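The structure that follows is given in the form of structure tokens.
For clarity, chains are labelled A, B and C in written order, and residue numbers in each chain start from 1.
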Amino acid sequence: MVVRPCLVLLLFLLLTLAPHAALCQQPASGSTPAPTSAPAPGSAQANAPASPPDGKALYEQHCVACHGENGEGVNATISFAGPPLIAVHNPATVMTAMEVGPSHMPQFGYVLSVDEMHAVADYVTQNLATLSMQGGDLGKGGELFRLYCAACHGPEARGDVLAFVGVNPPSLATTDGPVIAGMIRMGPGPMPKFPPGVLSDQQVASIVDYVQYMQHPEDPGGSPLGYYGPVAEGFIAWMMLFVIIGICGWIEKGGKG
Amino acid sequence: MIPEIARALDARLRMAKFARKALDHVFPDHWSFMLGEIALYSFILLIVTGAYLATFFDASSAKVIYHGSYKPLDGVKMTAAYQSALHISFDVRAGLLVRQIHHWGTLIFIAAIAAHLMRIYFTGAYRKPREINWVIGLTLLLLAILNGYCGYSLVGDELSGEGLRIGYAIALSIPVIGPWFTFIFFGGQYPASETISHLYMLHIFVVPATIAVLIAAHLGILWRQLHTNYPGPGRTETQIVGSRLWPTYAAKSIGLLLLVFSCITALAGLVQINPIWLYGPYSTAASQPSAQPDWYLGWIEGAMRLFPGANLRIGHGLIPELFFSGALLPAIVFGTLYAYPFIERYFFTDDESDHNVLRLPYEHPFNTAFGCAAFTFLLVLFFAAGDDIIAVATNGSVVTIRTFLRIVLFAAPAAIGAIAFILCSIIRRRRYGQNA
Amino acid sequence: MSANRGGSENTGDSGRNPAPMQSGEHKQKQQEAPKKAQIVPVFIAFLFGAAAAITFLYVYWTTYQTMLMGWTLGLSLALFGVAFVLWGHESSLGKEVSQPREIPSSDPKERQLVFEEFYPPGEGIQRRRLLAVMGTAVAAFFAATVVSFLRSFTNPPDQSLFGEVWKSGDRLVDTDGKPVPNNALVTGSTMIVFPEGQVGSVHAQTVLIRVNPADLRLPPDRSDWAPMGYVAYSRVCTHAGCPVAEFQAESNVLLCPCHQSTFAVLEGARPTGGPAARSLAQLPLYAGGDGFLHAGGDFSKKPGPGFWRI
């Protein structure tokens, strides 16, 4: 029978793999190069500072170049160097960003210890995050969005609607709330700035609420056709007309006119 | 039971002789003869769904604060009309389905008319004795486009509000009579609260009634003159060949009606159209990109985008650039279409005889070439209406696309017309020899 | 007379295609009832259509979810339609029918008889003339009345097309009606403003932008219209009237989303591309002693799209 040798093989694999699986649960130093295991090749552990790390100093050493002196973001010509941090209130967000290194950001898991990263996160969320994201109103946010933002980013915040001289207002479909809020104040690249005199903190929070809703709209009517609007709808209508004409061909098959 | 009813009716209306003649009526069989029917059945669907929608729609520009079931618009100021449209979309049972059937039905209605128009044009079916139906048909197309525009502008969402603003500006741009015409049609200086009443009256009553009467005339003339035939065995100027009304043609027609209904309904269930809740209510200070009208006005939209910024000063008067692209071009296009059969007859073919057998496209190369060129011109304009979307899709700039399309607008029709002419001449010569 | 490309007789073209029947012939053919097997597809289509229709009604009465209703209704209509078409295919027997066509015009004698009803030879010329004149007059009167009644639809094109929008000294206010202080904007930012008391006005809506004063290239007679780098233009596009809502901060360009006209903010909103032919109207500004921005007069010209007497 073929079954018996297979069972033996299966048992053998299970017995040999199980210890590996058990070991992998523990954050043993040097077992895998996972960022969460803080390898810190010697330096941090060797020095082991007595006082807690200075978040501000670390920030100015590692982050200012891309994120700005006050976390306001840095404006390169077309694309930005680093998003603003003025609305980042959650330390976990900062931690994850430093560990994962999203987009163009480098990973800091190799450079900083966990304690140092916590210090930076605390500094950012307590000192730099000055834009309160409280008190947003979805309806008001929609009104403001349509007044100030929809013209460039499209009414569904999908962007991609006007490529003029190579500039394309991006889609906001996957952008995080705090980043959106920061961008409104910062005005990266060709986007205008909206200082508190134009949009208050609460208005910004409302707009962010609305954009976050627009990232997952209901679409009760069916497929939204990429939110391209009447152009896509007209195209589909003509496709359906061709289908109907095909049906006419079937109805009148053999008809010689 | 049915024979009893029929007998009772006949005892009062003396229908049998008419019924016999009618049931014997012959309809030629070809898929290209069904395009007009597609339009007709779409229209029936529009009337039915339109009546349903009109029950719930509130054609009022009074301002209200929304507190309905669609939360992202909670607390937003909007017109009562827009609120009733939201009500239909979110609260009325099957309301959104019917609204989408109505809108998709319109797009297909006008597309079918356009396809039907092209068939009539390329087969020469507009020749004597069918010029009257040609004129009626063109008027139907014009009214259908007008009704579509009035219909989607009624709702008062951001996108159609922009379209109303543009329509207003086009009307205003007409020399001399512009302001008066605009004020009468729209009811006052923009944005007039009377506008919605004008649109509503036109959209649910005057224009549909006119369309219905004209369709009746169109079909009556078609019935009386009998349909045309393609050239073929037994088909002559004095003999029509096809299927009888009963049972064949009736069965196929009822089948087509149901299939057209089903296609539009399936589309309405599968694909979202005109999501007014995403656009938001019309606000005079806001605007949004992808600002295109429904497809059947795309040719005018494309013309408005491509036409350069050149206005004309005549003494103290100004003819703005918008007049040429928004008003003069459509007038020329429709004027040419209306006059075409008569121009062809009196200036070109000098042909006074009746034509019941169709003319295949290659038999009149100039007609086909002119038609191909003209429809290519319109097609480029349709593309131009989406130049911002093309720019995004090709990662190019709108300026480049615009310049490119301006060149193509004249080059393509010339090229396609020439190619069509040459091809037709070749085919003609092959079939009929050098002396044809 | 256009040529008949097919055979002119009823015998078909060299027997390749059988001749179409005369319409009387169909009665004999009708005696052959379609075989039972050919009705089966019709029946099956009908049955499935009925099932789909019942499903639709069930969905309508319970969850009335849009997409489900569309699917089921569309499917049932399609299946019923297919049933009818299949029936049509079966019943047509694949044969065509031929009928004579009548000449479109009437017999000349009949036409003459009708003509003579209205134009009896010889008599009543005076009466005919009177009838013609009366008819024309009545028709003209009705036409004039109908056209005149259009006047009821509106007031005449009025001063609102030509009138003033901003007045000298008007404070600028934002969309909430709050006055705009001198430090409201930083370089590269923009906001929507109205004259005080006209928030939401279509014709008075104005875009306020702050630029670097050194970059400005306004016409000489407007050199004092832009205090501290603030410039203000009418938001109503001069092409077709859409709000010019897109502002590109780096290149200082205003874009209209409707037909992609562009305007140079630093040069008095001169049109730099697209279909607009005339620049946006500019609003003179001054910084008031109260710390807020004020208008120094009305727009440089009538805002919005052009028309005959603009």
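Convention: contacts are C-beta pairs under 8 Å (C-beta built on N, C-alpha and C of every residue); 3 or more make two chains touch, one makes a residue touch a chain.
Note that the coordinates shown come from a computational prediction; the quantities given were computed from them, not determined experimentally.
Asks: Does B-C or A-B have more contacting C-beta pairs?
Replies: Result: the pair with more contacts is B-C.
Asks: Based on mean C-alpha positions, which chain is nearest the centroid of every protein C-alpha shown?
Replies: That would be chain C.
Asks: Centre-to-centre on C-alpha atoms, which chain is most distant from chain C?
Replies: Chain centre farthest from chain C's centre: A.
Asks: Taking each chain's centre as its mean C-alpha position, how far apart are chain A and chain C in Å?
Replies: Here chain A and chain C have centroids separated by 40 Å.
Asks: Can you give the whole-Å distance between the Cα centres of chain B and chain C?
Replies: For chain B versus chain C, the centre distance works out to 10 Å.
Asks: In whole angstrom, what separates the CA-based centres of chain A and chain B?
Replies: For chain A versus chain B, the centre distance works out to 44 Å.
Asks: Which positions in chain B touch two or more other chains at once?
Replies: Chain B, residues with two or more chain partners: 29, 96, 100, 232-233, 235, 252, 255-256, 259, 263, 267-270, 285-289, 388, 398-399.
Asks: Touching at least two other chains at once: which residues of chain C meet that condition?
Replies: 17, 66-67, 70, 85, 88, 96, 175, 192, 243, 245-246, 257, 260
Asks: Using the touch definition from the top, which residues of chain A touch two or more other chains?
Replies: Answer for chain A, listing residues that touch two or more other chains: 147, 150-152, 162, 164-165, 220-222, 251, 254, 256.
Asks: For the complex, which residues does chain A have touching chain C?
Replies: Per the stated touch rule, the residues are 77, 147-148, 150-152, 162, 164-165, 167, 187, 189-195, 197-198, 220-222, 250-251, 253-254, 256.
Asks: Any idea which chain C residues touch chain B in the complex?
Replies: Its residues touching chain B are 1-2, 4-8, 10, 12-13, 17, 19-20, 23, 26, 60, 64, 66-71, 73-78, 80-88, 91-92, 96-104, 150-151, 153-158, 160-161, 175, 192, 200-202, 205, 235, 239-246, 256-261, 271, 273-278, 304-310.
Asks: In the complex formed with chain B, which residues of chain A make contact?
Replies: So the residues of chain A in touch with chain B come to 137-140, 142-143, 146-147, 150-152, 154-156, 160-166, 168, 210, 213-214, 217, 219-225, 227-231, 233-238, 240-241, 243-245, 247-249, 251-252, 254-257.
Asks: Could you pull out which chain B residues touch chain A in their complex?
Replies: 28-35, 38, 66, 71-76, 89-90, 96, 100, 104, 107-108, 111-112, 115, 158-159, 229-230, 232-233, 235, 252, 255-256, 259-260, 263-264, 267-275, 278-280, 283, 285-290, 292-296, 298, 358, 385-386, 388-389, 391-392, 395-399
Asks: For a test of understanding, state which residues of chain B touch chain C in their complex under the given definition.
Replies: Touching chain C: residues 24, 26, 29, 93-94, 96-97, 100, 129, 162, 165-166, 168-170, 172-176, 178-180, 182-192, 194, 198, 225-226, 231-244, 247-252, 254-259, 261-263, 265-270, 284-289, 291, 301, 304-311, 316-322, 325-326, 353-357, 359-360, 387-388, 398-399, 402 of chain B.
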